[in-house]
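In what follows, chain A forms one complex with chain B and a second complex with chain C.
Our next item is the complex of A and B:
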């Protein structure tokens, strides 16, 4: 179907747009990363892949870091999405296919997330929102949930230092009331510590529901009406938008949504915010998501004629 | 010195030949990829044709038990192609789809409602059909027309309705045990303002952009979304294939 990308598409576009000859080693490494997106590239350290691509160096625009943004061959700076959202699906299936326990899938998924964060920083993405845990996921086995909560805690603890160093701001959205107290405190601490960082904003949706997001926005507005801050007649779409949980960012509407594992739905994620978001569904499972897959999604995004139904945002 | 010059000359020749060889290899690879792409495109067209002719067995009898409600999103510029929309609906009726929601941002399809219903002898409006199950037994299709006003705007209106209801009762802050705004109450309010359609099981997007263009956000929680390409290039085979793929999907709803 058109909704699933043919992996060689990017090779065509790269060959069409940049027929210049690279040196043998660089050329072959570049092509092999495209032909076999599920193999070596996602396991290569980023430093190696940075050497393997032609560099498109531009000076970052106003409001962002003065460091040069390095893009792989085939990506255009002016067409990069500002906000990328990801539904990280397929961790359990990945583990099952390999005969591993479910926790191995989630741990591998965490590694993929770290890789994606690094790529977003490198390629100048301003906001990355990831769907880590849905409200619907609370019905999973307790053992699995407990492991996930501990993995979230471990992730925040281990990566806080690098977030500070890399100027990454972390924000967490969702219904916190069900999370363990220790995790809630860790999240608050991490958000406070990184609130002034500006390189990348990483929004992690935990215990999140798109419908709940809309409902809590309405409840917030109701309280403002009760406190006479606004009149009921002033309630409109833009007011609701201001109260959604994504109001923690300058760019609340994702330009691109990526979902792995081949499922073609948004599963109650950012329902309000996804109206004009380009949807990209990948067959690969989340732990297999790496630079090649991200590049594929970005190239597809840049190629597609993007029209917001005639309305600009 | 002469030897050194000779060595340098040989090296330059090797580099030139090597470069030429790589360039030839590059263009061969380019050609091979183009052929692959052409073959892939041809295979898809052929498959679509075979599906349309009913020659592929697995697409012949679709089990539509899980497809209770189908939504079609059309880009507003393409929505003016009323004959194409009618043809698509006729295909869906032939396949056996009973409930269809037609959506475009600007309400072009709403304006074409009369023309569409006139051309489709077996179609009834959703708000007219209501819960009339007798229509489901015949070769009938029940249509709903939606636009941007039924999306975010409808949620804002529903919220307003609830605000006014509880504002009058002086209970906007809510009790500690029972919040005022809950998903069921918001859903009920959306229904009350005239946007009662159920959540579609499958949403097909016809247009250049692979997004749902503001389809009512409250209704797409677990909806399968498939991009079909431009309406002008729609194919019966592609439609069958999309619906068939949907029938093979298993959702665990987050569990």
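Our next item is the complex of A and C:
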């Protein structure tokens, strides 16, 4: 799974240019069916041109961004998810398959993440949560973890400017106590600097697990009970929701969860919040995830009937 | 005469199917077999609509499919089977539909109460009803509790029926109980002269095991596989806590259409990932 969300120095140059469409990623043979139902050629469109993209402009409603979101053909505005969550799995496998060192996999994964953030901004998604580093990942080799932590730090330092410019708000959730002090300070600064941005909220889960989130919520609630702020009988679902780390966002429940690399499990990510989330599993490895794969996930999402246990057949 | 021939043919077919099934299970048993499978039995209503049947017939078809699936699971050697019978969210459905399900549940539970002749007793299956049973009618809750008592001595397998259940409700209950325990432990200790900042540190810290212990599902290990029929790929507030590293399988077949081949496919997928997951568990 990707343990890094920010680019290296050489990729920084691309940030200063206008937001542009994703550059073609390495394409593996395991990509599933075609995404755009209107596409007639047999090749998947890796880079949409101005002629291909049907502009779907509407006037922004009250409370949403003033920018008009441009959606590709095949996606309906009213069915777009507000919150997308992603488990960025498969970086190490991607590197192994190519005979490259593991760090090359993480760097490639970074490019995919940057591309996804761009697409979310462009298509009007309000919240993007990414599983960068799980509590379970602490058992990986120390060399790998040290490399990742230093990349995290470098990334936060270098990418902050573009987040400010693109109006992206960054929030980090997870158990910070195990992170290096310098990284903790950088994260706090970045969160403070971008807290008023409203184009997109990027939530990065670092040293996070769904069970840990619930236990820390329980601990907070227990402290409130001890201080006589609430009675145990007042503990209900909405109180727990308020104490979870996802209380940093207006939309804590993902509408869509995407997991790459073909693994069919949730791996302790956003436990409570995934109660009604539509799950989408892709065979592609995370570094190969691009616009085509994201479109496929969104199209699949838009075709689903969400009943929440109620009526409808 | 003709009826005898037909009956014989059916019996022969049954015997051959059974033989093939046991042969397949023998081959599967060469690899690791899951200990616990959970099922979301989705698609009964769509099945009834597809075949222009009454809704009740759709649920009955679902029950038959469930009995077959339970039989296959036990033949394969599973110890725990969990089924999502009724969610708290399902109370939003039309009253006649809710009544259908409740009537079906009542029939099943009454079947379990027939001590000698019930299927669960014959196969040594212990039954648990998991959920917020206070939301059920008095009669149904009493029947469920009686069924749990009647089957308490069975030890071949365990069937967990989630009734009036959601994970959010289960977790909320667990959090509440954990806070109650922590509160009692804090106030139950001897009063001594403790400074304010020390008192804060002395407050019992709630750990993961404390919360886990209070879960309704603490009577069983976590599922190895979660199977949801009808092709919907979501968890619908089912076993969120228990399925964090569970294999998820979403066959497109509606629940009454689910069969042996789906179970075999799920187990094969489980076996493929098993060694990798075991390695990860040992590392963490």
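By definition in this document, the second predicted complex is superposed on the first by the 258 of 313 C-alpha atoms of A that agree within 3 Å, B and C clash if a C-alpha of one lies under 4 Å from a C-alpha of the other, contacts with A are read in each partner's own complex, and residues count from 1 in each chain.
Keep this in mind: contacts are C-beta pairs under 8 Å (C-beta built on N, C-alpha and C of every residue); 3 or more make two chains touch, one makes a residue touch a chain.
Just so we're clear, the structure is a prediction, and the values are computed from it rather than from any experiment.
Residue contacts after overlaying the shared chain place A:226 against chain B and chain C alike. Chain A is touched at more residues by one of its partners, and among chain B and chain C that partner is B. Judged by the touch definition given at the top, the superposed model places A:276 against both chain B and chain C. By the touch criterion defined above, A:265 lies against chain B and chain C together after alignment on the C-alpha atoms of chain A.
Counting contacts as defined above, chain A residues 136, 139, 210-212, 214-215, 218-219, 221-223, 225-226, 232-233, 235-237, 240, 263-268, 271-272, 274-280, 304, 306, 308-311 meet chain B in one complex and chain C in the other. Partner chain A is touched in their complex by these residues of chain B: 18-19, 22-23, 26, 29-30, 33-34, 36-37, 40, 75-77, 105-106, 151-153, 155-156, 159-160, 162-164, 166-167, 172-174, 179-183, 186, 207-215, 217-218, 220-229, 238, 241-242, 245, 249, 251, 253-255.
Looking at the complex, you find that chain C touches chain A at residues 45-46, 49, 87-90, 92-94, 166-169, 171-172, 175-176, 178-180, 182-183, 186, 203-208, 211, 232-237, 240-241, 243-250, 269, 273, 280, 283-284. Contact residues on chain A toward chain B in their complex (touch as defined above): 1-3, 6, 8-9, 11-12, 15, 19, 21, 24, 27, 31, 134-137, 139-140, 210-212, 214-216, 218-219, 221-223, 225-226, 232-233, 235-237, 239-240, 263-268, 271-272, 274-280, 304-311.
Residue ranges of chain A in contact with chain C, taken from their complex: 136, 139, 209-212, 214-215, 217-219, 221-223, 225-226, 232-233, 235-237, 240, 263-268, 271-272, 274-281, 304, 306, 308-311, 313.
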